[in-house]
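The same chain A turns up in both complexes below, where it pairs with chain B and then with chain C.
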Partner chain A sequence: MQKKLTMPKLRPEMEKGVLCAWLKEEGEKVEAGEPVFEVETDKVVQQIEASESGILSKQLAEEGDEISVFDSVGIIDT
Partner chain B sequence: MPLPEKKPDWLKVRYNAEAVNEVAEIMRDLNLNTVCSEANCPNLGECYRKHTSTFMILGNICTRNCRFCNVTTGRPLAPDPKEPENIALAAKKLNLRHVVLTCVTRDDLPDEGAEQFAKTVRAIHKQCPGTTVETLISDMKMNTDALDIVLESKPDILNHNVETVRELQKKVRPQADYERSLNVLRYCKQKGFITKTGFMVGLGETEQQIDRLLDDIMDTGCDILTIGQYLQPTPAHYPLDRYATPEDFARYKKAALDKGFRHVASTPLARSSYRAWEVLEGVNDLY
Partner chain C sequence: MLTITNSSKDPFYNLALEEYIFNNYTEDDIFFMWQDEPSVIVGSYQNILREVSVLDLEKQHIPILRRMTGGGTVYHDNGNINYTYITTQAGMIDYADCVKPVIDGLNALGIPAHQNRTCDIAINGEKISGSAQRMVRKRLLHHGTLLFSSDLDRLFTITMKDKNDNIQSKGTLSAICPVTNIIEYLPKPLSIEDFQENLQNQILGTGATEITLNENDQAEIRKLRDKYMSWEWIWQKTPPFTYQKSGTFCNAPIAVRYSAKKGILYDVEIHSQHINFQQAADLFEQSKLDLSLLREKCHLLTSKNGDELLTFFT
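This part shows the complex of A and B:
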């Protein structure tokens, strides 16, 4: 099954976030709870964890892209 | 020294949306605020995953306008009479061993919000026997009648943050007062409570000023200290001066312990309620 990996809403007023780094390559195995990508906020860098285990089959965003909250940044084949 | 373009590695934190949503839903259902969310705390992901949070009572609008703080300033609403019971219910649902209660500063209320604090402490003690409670209070304008109301509810730890060194108080927290904050800590200690305070670094303070701050806090008899990195919530807030390194924090910790503090949490992401239950376990001999 394909599961979408989305830009989380890290604070109530957040509308968009910059994906500053991928921590997994396309085709790489991902365990639930493992960080997959990073989003920089005003205060810190948040490492966003996968909610399910699988293969990161597709990166839909590049490092440096600004993504609206809840929009897909990648796909995990579970 | 200019600030680095990239955030230092020690400011990376983990975030799990499902775990965060689970706790956020409990709070939403019970109409509760957490300082974790209102202050955009960097530790929210870790704490919510561990099913812990710091409740913020008396609404989410503060009467003061501290320049470091992300909480909204304005005219607050009347206190929610259901809030004390709802917090006790949430503490039960989350199975909390230790509850930290903080508040927005309510300069508009004659009792400074003390009664709501006391009702909440009592509700938790009643609903969750064995759970310890830490009250992270405002300075309550050093109104001793108000402080007595809070203390009579018997919180296990009385916490009040001095936030920064003497020299930066007026710039960083204009409606507060350094001596007044120290006097709050002194008063609560004299009443026999375990006291705790905290401050941030990275606002432009010097090493000498930090050393004097440690002496001034120690002079109140304070037991527990937290030291953390100031993180600028938005570009409109007080400007960040520097990122202190983990080695700096280790040095501050040693200095504080050498001066006689019983427990010191000093790391970049230490916050006054971060892992507060561990701190309590560390000072159990004070009972």
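This part shows the complex of A and C:
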């Protein structure tokens, strides 16, 4: 099954966040709870973890892209 | 609450110590204070070339470091005190919770500090403290500066004046705002050491436990220190950018253009009657974004005017 990775809402005021780094490559295995990417918004850098295990099949956003909250940034094949 | 006494003023060691504490003490709340020798610290994903003049800082022997938290560029000196607050936060991050212990501590010392903007602390609307955060799982590291008697002219010159507009890039920009020093607002005179101790006592109260580090811990911290000193950490994390600068070089027009991704230059063009275009393109292609390396290559192209040529790269 394909699960979408989305830009999380980290603060009540947050509308967009910058995907500043991918911590996994396309095609790489990801365990549930492992950090997959880093987001920066309003002075905080936060590591975002996968909620399910699988393969990171697609990175939909590039490092440095600004993404609206809840928009997809990648796909995990579970 | 845990705390640690850190008398080191080595900015590289201090960032390493902070990361080690963050990674290895994952239960209790932790608060500690520390100072750095003069240094510039950029945010996790900032473009150093945009934020500061690397050539000016090199002349002044001020090192440039990259931290692991977000936000903008800060200048630390002996008149500035840093604090680190590590806590557990379930749900969304609340900055008011992070700065409150410090504001309460300052107020208890008779200093009329208040929260300003997202997570600054100010007196009468002038900033005395900026802060930034990193969140991993449910653990939040919040750290900030406290301008006590910093050289504000130097701070302005280094971090605010003349941002480099030759760069097209994504990445985090720094905020520009009026600043002041805490020392102007003390009810009675205090040395910076006494101020730090008083504020720390206010914030910790009684019953904080001191963290002690053994030789193993110190060895791990030294490894992290090496990371903070490395080209990979400082330059490779630069967001992709393109650069363009023109002017006069040896009494003739010059234009320099290049792109860089993960700290590596490509598509380098030097348009100047004094420089062989192809030789320059070949020499700089895939070169690391590293000041001494770029200087070396500029001198290879033009032995007499290498330093002048270098200014068109930064």
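In this text, the second predicted complex is superposed on the first by the 78 of 78 C-alpha atoms of A that agree within 3 Å, B and C clash if a C-alpha of one lies under 4 Å from a C-alpha of the other, contacts with A are read in each partner's own complex, and residues count from 1 in each chain.
In the analysis below, a residue touches a chain if its C-beta (ideal position, glycine included) is under 8 Å from a C-beta of that chain, and two chains touch if they have at least 3 such contacts.
Note that the structure is predicted; figures quoted are calculated from it, not measured.
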### Message
After the alignment on chain A, I want to confirm one thing: do chain B and chain C clash, or do they fit together?
### Response
clash
### Query
In the superposed arrangement, does A:10 touch chain B (first), chain C (second), both or neither?
both
### Message
So in the superposed three-chain picture, is A:35 touching just chain B, just chain C, both, or none of them (first/second/both/neither)?
### Response
both
### Task
Identify the partner contact of A:21: answer first if only chain B is touched, second if only chain C is, both if each is, neither if none is.
second
### Query
Between chain B (first) and chain C (second), which, if any, makes contact with A:69: first, second, both or neither?
neither
### Query
Where does A:47 make contact in the superposed view: on chain B (first), on chain C (second), on both, or on neither?
both
### Message
With both complexes overlaid on chain A, does A:60 touch chain B (first), chain C (second), both or neither?
### Response
neither
### Clashing chain B stretch [against chain C; choices 3-11, 75-83 or 93-101]
3-11
### Task
Touching chain B in one complex and chain C in the other: list those residues of chain A.
10-12, 35, 38, 40-47, 49
### Task
Using the touch rule from the top, collect the residues of chain A that touch chain B in their complex.
6, 8, 10-12, 33, 35, 38, 40-49, 51
### Task
Report the residues of chain C in contact with chain A in the complex, numbered from low to high.
43-45, 68-72, 92-93, 95, 118-119, 131-137, 170-172, 237, 239-240
### Residue ranges of chain B in contact with chain A within the complex
7, 11-18, 20, 37, 40, 42, 45, 231-235, 269
### Summary
So, in the complex, the side of chain A touching chain C is made of residues 9-12, 18, 20-21, 35, 38, 40-47, 49, 63-66
